[in-house]
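The next part holds the structures, each set out as structure tokens.
Paired with chain B in one complex and with chain C in the other, chain A is shared by the two complexes that follow.
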Partner chain A sequence: MAVVTARPPVRRSHPGAARRAVGRNLTAYGFLCGALICFAFFSWYPMIREVVLSFQQTNFVDPPRWVGLENFRTVFADPAFRSAWLNTAAFSGLALIVGYAIPFVLAVVLNELRHAKAYLRFVVYLPVMLPPAVGVLLFKWFYDPGAGLFNQVLDVFHLPPLSWLDSTSTALISLVIVSTWMNLGTGTLIYLAALQSIPGDLYESAELDGAGLFRRVWHVTVPQTKLILLVMLLLQVVATMQVFIEPYLLTGGGPENATVTVAYLMYQYAFNFGDFGGGGALGLMLMVVLMVFSAIYLRVSRDNQN
Partner chain B sequence: MTTTLNPPPLLEATAPPVTPKRPRRRRNGGRGSVTRTLVSPLSLRSWHGKLIYWTVLVLVVVSFTLAFVFPLYWMVTGALKSPDELAQIPPSFFPKDVDFGVYAEAWNQLQLGVFLKNTALYAGGAWLLTLAVDVSAAYALSKLRPMFGKLILGLMLATLMIPPMVLLLPTYLVAKDVPIFHFDLLNTPWAIWLPAAANGFFIFLLKRFFDSIPRELLEAAEIDGASPLRILWSIVLPVSRPILGVVSILSVVTVWKDFVWPLLVLPETDKMPISVGIASLSAQMPQNVLIAALVIASLPAIAVFFVFQRSIMAGLTAGSLKG
Partner chain C sequence: MRTTSHRRALGLLLVAGLGLVASSCGSGDDEPAAQSSGGADAKVTITVGCQPPKSNPKERTAWDEDVAEFQKLHPNITIESKDAFPCINPDTFQAKLAGGTQEDLFYVYYTDVQKIIKARQAADISEYVGSVKTLKDLRPDVLGVFKDGDKTYGLPRTNYNMGLVYNRKLFTQAGLDPNSPPKTWAEVHEAAKKIAGLGAGHVGFGEYSAGNTGGWHFAASLYARGGTMVSEDGKSAAFNSAEGKAVLENLKQMRWNDNSMGSKQLLQWEDLMRMMGAGKLGMMIGAPDVVQSVNNDFQGKFEDYGVTVVPESEGKASLAGGDGYMFNPKASPDKIKAGLLWLEFHELTPGEGQFNYQRSKAQGRPVGLPIPDLYGDTPPGKEITALRKQYATVPVEHFAPYANAQTSITNKLEPPKAQELYAVLDVAMSAVLTRKDADIDKLLADAEAKANKILERNS
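Right, the complex of A and B next:
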């Protein structure tokens, strides 16, 4: 029996076996070294650095200086700080209401259709394939208050034009619309795949028991896809709370901080104000919040594996 | 690094599932010829049921087309309109005089050729490096089983818990001045390639797949004197084609779609990938030229989607939904 595939424990009485075990480990680490280097520099070390960064002042000229909680005090005192958190929460909340319910309804409807399925699946996933920058810039043009597509459409129905990105009341929802348009396809297709694994006799017996269409959705479809629904909820929260590209390209956080998000403010601190410490402090706060959701997500998906 | 919603690392990952196809409706329409869904086949056969079914179908097709195809139509034709026609109210549905010159103008003015070449370089290099690094790591963890292998895998999976956006600043600092080596990776492709290779999800997918390759196969090769590298190359890789396809497409698409990371690490205009390039030059361009540039930037993505539709959708649900 070859040693490479023998499971531990390696017997110590054979010196040859021990030497071969060392050789096997050396070979294995040879295969692993590329990944270890990449992870060490671009995943593991940055995690530590993030924590350190938020307690330091870094200006790239002098060596970094420890400042304790001063970075946190700076960002707390910033009037944009409160707006950023509120906007991020509002963005996630709105994106969840729109971007979470709609794909599920679409998937349920799609699953009933027997024609044009390939077309519909293709079309709904098309925006997901576009580079986000393209989608966002496209919508920037649609939102144009003058000749923009959306106001033209409103005009066709004799509705007054909206100022979309330029008004504090509509700017955030405009960002949610772009983001939903770009990401709807992912959820729809994942739900669709989940729906296809529901055994048909469940619906049949529910129907025999006199359950109408909506009761069948509520008592069969939803419980059967409960896990996917939960997992997608957590993933959506984590994804939407990192929103950056929409405010960066569409509004610059304006008008009057109405679309500043935490990730965007973090970027601004580091690259506009040159304050990496303040940015780091914001990043650390966001990390703590998102890790809670990630941890629940991992817990949920692991529990289901067993 | 990406901040978009990644295809989620859901539950068990084994072989990439092919979306189950519902058996086609048969003419004789006997019971059980169609997989039962929410609506019973019986009620669909009634006059009433057929009416509702076709109404819903038409509604869905029309609204999907309006929501997802019409914006793209508007983009492609918008680029063909003259600046005057673009600003006109009400807008024209078909461009008046079609002039493809604007695409050429966009190509030249925005140096789209350079941007596309850069994007291809970043995506291609990231793809090769990701495969090389992640496949060998997964192989080591799955088949060579070194000491601390479980711990290493755990640490790699733990990185999936930390969203990339929150590590943006420290990772940028690393790229600017790599610890120990003191390389400055800014404006070099390595700033894209190396972080892309550190992907815990890919390693997880690959390891799961490698775990399912029968041990006997590898033992036989080993008795014949094949080295671990040889076994990886001649036995493991050929049978892993489906998962390699999924990982390849996911890794290319991720780099292609990424925005914020290249925005930071590739500040020189000549080094930018296409989405960053267009965004950074968008303010100075006439509207129709910018829209033409958007069309050109989306073409490769749509072409890739046309060709690899099946694998992309398989990748989307990779390893999920078995429970």
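Right, the complex of A and C next:
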């Protein structure tokens, strides 16, 4: 029996056809060129530079000095190093628990709604339009232990006020809540798009079989969106592990280093301590970890395409 | 084959394009030698940082007038002013240096000076600085900020040391005498309790504990008590001492026993300023420049505030701060000479530039704060004090307790690796202010171990 390969046969194109194709797509290449230059400058070059920096000591005046693994040894010896990685992992974990399910549930609810659909979608997406710094500072006010909105709400229910950002036990989760709220709209929108691509007849069949809302979600929606759920999971891990703006603006890494993250520590090294080598070393470590997740993501999306 | 060559050509085009853009982005500042060979009257253009921003029109007008006057006096020199608020953003310092956009004469805080010298990111101006007429009168401790051994790397613009800033209006409201500010920490406790008792939102005493500012204020309180951050040789931490413990015990008492520090913590630089400006904060550690900032940027009114020395600090040391200018390490000798002439004119001459109090008064700008103090009791110092008194527009008596103590207080500079040590001590400060059961001995011991590692790396 012949083995069927998944690989498509290689198509040999005619040289003249190729030239015509290039000519036809010249405008497209022009546009692509701009994007490539931007990517090269603002993404790839800094990335390569960062890798180089992590093995150097530089003052940006004299030629940089190669120091081997010294920058890595320095950051390893930093007492905040362990806290930073633990907090980053905890933040990502909490963000998955809190922030992963909510947009999906919201998308399901929005998809099931018959009235005010467009309005509610707009409302859910609205926070995404807010500049992140504004969103974070808004929450700073919400978290105020005295006049803050959250403690006022607790007070209505005769519950004791919480120290939100000022306690080692609640600070990190408070940052997760901010992050979840700010990214809610994007996640919901992506899930909604995925939900709408599910053929309606599947639901009709399920309804004919007597399935209620919960069973329809469990037996139709979840299997049909399995792949997008997985992709979003990976994207969320990659995004949350780079958390910076929340600890930078809300807690300054405190209390007692409870919210120091790898990205925040990296910033401290580079800009507070003027040690770009140390910052680069931390950045490289984070990049390697994120590359693993990115590789899984690419694999999953490729499998999907195939 | 053709496809391949097309691809290769396209690839080459892209690479060449990238290369072109890259080279066009290079600095235009890489030719220091071009202008360095001329004599004293050679044409020279210098870029100078910290021109007041457009949002501060009175100060900007004064600056621009000074530039015009200076250029009239020195027709061969052109000043290209660069504005920014704040004058320096540590985040962009390294990037500007790397990108070649750092000014020839760049603005710097005292906190960063030694770091910049050690990193060899400033030009050595020892050879030229003798031309500044008032150099010999500058306070040695202030000039010392910009020195490493016998080499000089910059000149000061302002200088101050820490005190206790208080809100006189709140003092009156709380039944306290604003003309008799607290002299002991026990008196601070009493005053703080009364101010906090004014009602919701009022905080008696505020303190930082995040973004390295907690460690910075820990050092200020420690110095005022006679303690020190590092050993004489700078190789080990010295803050785990009776004085260090007293700083944290004191805060713990006010935060948890007196409930006079408010429940919101993890405060950073602008938080206390904002609270001061809004009239909600009674007292904080800070220099007279806090009042200036609260007045200029946080809607406070000069007359509502007073400054005194840090309690119980008479005759001891006070953490000193300030700012000044350093020179781009790539600046040519001519640029350095021109820059020194400008600094002498604008920052260091009584009656001129920043000390032109007559103009400040005419412009309706506040005059009378006991800062900066660059010359101490020397002739230029006396002249500046007299001019300040002559044109005073703010109630100078509100700052008298601070000003009068200056003769007996020693300015003490920040420790080596200041930012790293401050980051370590943020942990202890935030612990004491956010956790009732914080173990001060353990916090200080942990911080000491961490600081020793940092200092060991330094040495």
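Here is the rule we use: the second predicted complex is superposed on the first by the 249 of 306 C-alpha atoms of A that agree within 3 Å, B and C clash if a C-alpha of one lies under 4 Å from a C-alpha of the other, contacts with A are read in each partner's own complex, and residues count from 1 in each chain.
Basically, a contact is a pair of C-beta atoms (placed from the backbone, for glycine too) under 8 Å apart; a residue touches a chain by one contact, two chains touch by 3 or more.
All of these numbers come straight from a predicted model, not from anything done at the bench.
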Touching partner for A:111 - first (chain B), second (chain C), both, neither = first
Could you tell me if A:41 is touching chain B, chain C, both of them or neither one (first, second, both, neither)?
-> both
Using the superposition on chain A described above, determine whether A:209 touches chain B (first), chain C (second), both, or neither.
-> neither
Answer with first, second, both or neither: which of chain B and chain C does A:236 touch in the superposed model?
-> first
Using the superposition described at the top, determine whether chain B or chain C touches more residues of chain A.
-> B
Is A:59 in contact with chain B, with chain C, with both, or with neither (first, second, both, neither)?
-> second
Considering only touches as defined above, state whether A:168 meets chain B (first), chain C (second), both or neither.
-> second
Classify the contacts of A:228 with the two partner chains as first (chain B alone), second (chain C alone), both, or neither.
-> first
After lining up the shared chain so the two structures overlap, which partner does A:274 touch, if you call chain B first and chain C second: first, second, both or neither?
-> second
For A:147, select first, second, both or neither according to whether it touches chain B, chain C, the two together, or no partner.
-> both
Chain A residues contacting chain B in one complex and chain C in the other 29, 36, 41, 146-147, 270-271, 276
In their complex, what parts of chain B are in touch with chain A?
-> 3-12, 17, 19-20, 22, 25, 35-40, 53, 56-57, 60-61, 64-65, 67-69, 71-72, 74-75, 78, 86-91, 132-134, 136-137, 139-141, 143-147, 149, 152, 155-156, 159-174, 178-179, 194-195, 197-198, 200, 203, 215, 218-219, 222-223, 228, 232, 253, 256-257, 259-260, 264, 274-276, 278-279, 282, 287, 290-291, 294, 297-298, 301-302, 304-305, 309, 312-313, 316-317, 320-323
Can you check the complex and tell me which residues of chain A touch chain C?
-> 13, 15, 18-19, 22, 29, 33, 36-37, 40-41, 59-62, 74, 77-80, 144-147, 161, 163, 165-168, 250-257, 268, 270-274, 276
Under the touch definition given earlier, write down the residues of chain C that touch chain A in their complex.
-> 1-3, 6, 10, 13-14, 17-18, 21-22, 90-91, 93-94, 97-98, 115, 119-121, 200-201, 209-214, 262-266, 268, 329-330, 417, 419-420, 423-424, 426-427, 430-431, 433-435, 449-450, 453, 457
Along chain A, where are the residues that touch chain B in the complex?
-> 1-2, 4-5, 7-8, 24-25, 27-29, 31-32, 34-36, 38-39, 41-47, 49-50, 53, 58, 108-116, 119-127, 129-134, 137-138, 141-142, 146-147, 149, 152, 155-156, 181, 183, 186, 189-190, 193-198, 200-201, 203-204, 207, 213, 216-217, 220-221, 227-228, 231-232, 235-236, 238-239, 241-245, 248-249, 263, 266-267, 270-271, 276, 279-280, 283-284, 286-287, 290-291, 294-295, 298, 301, 304-305
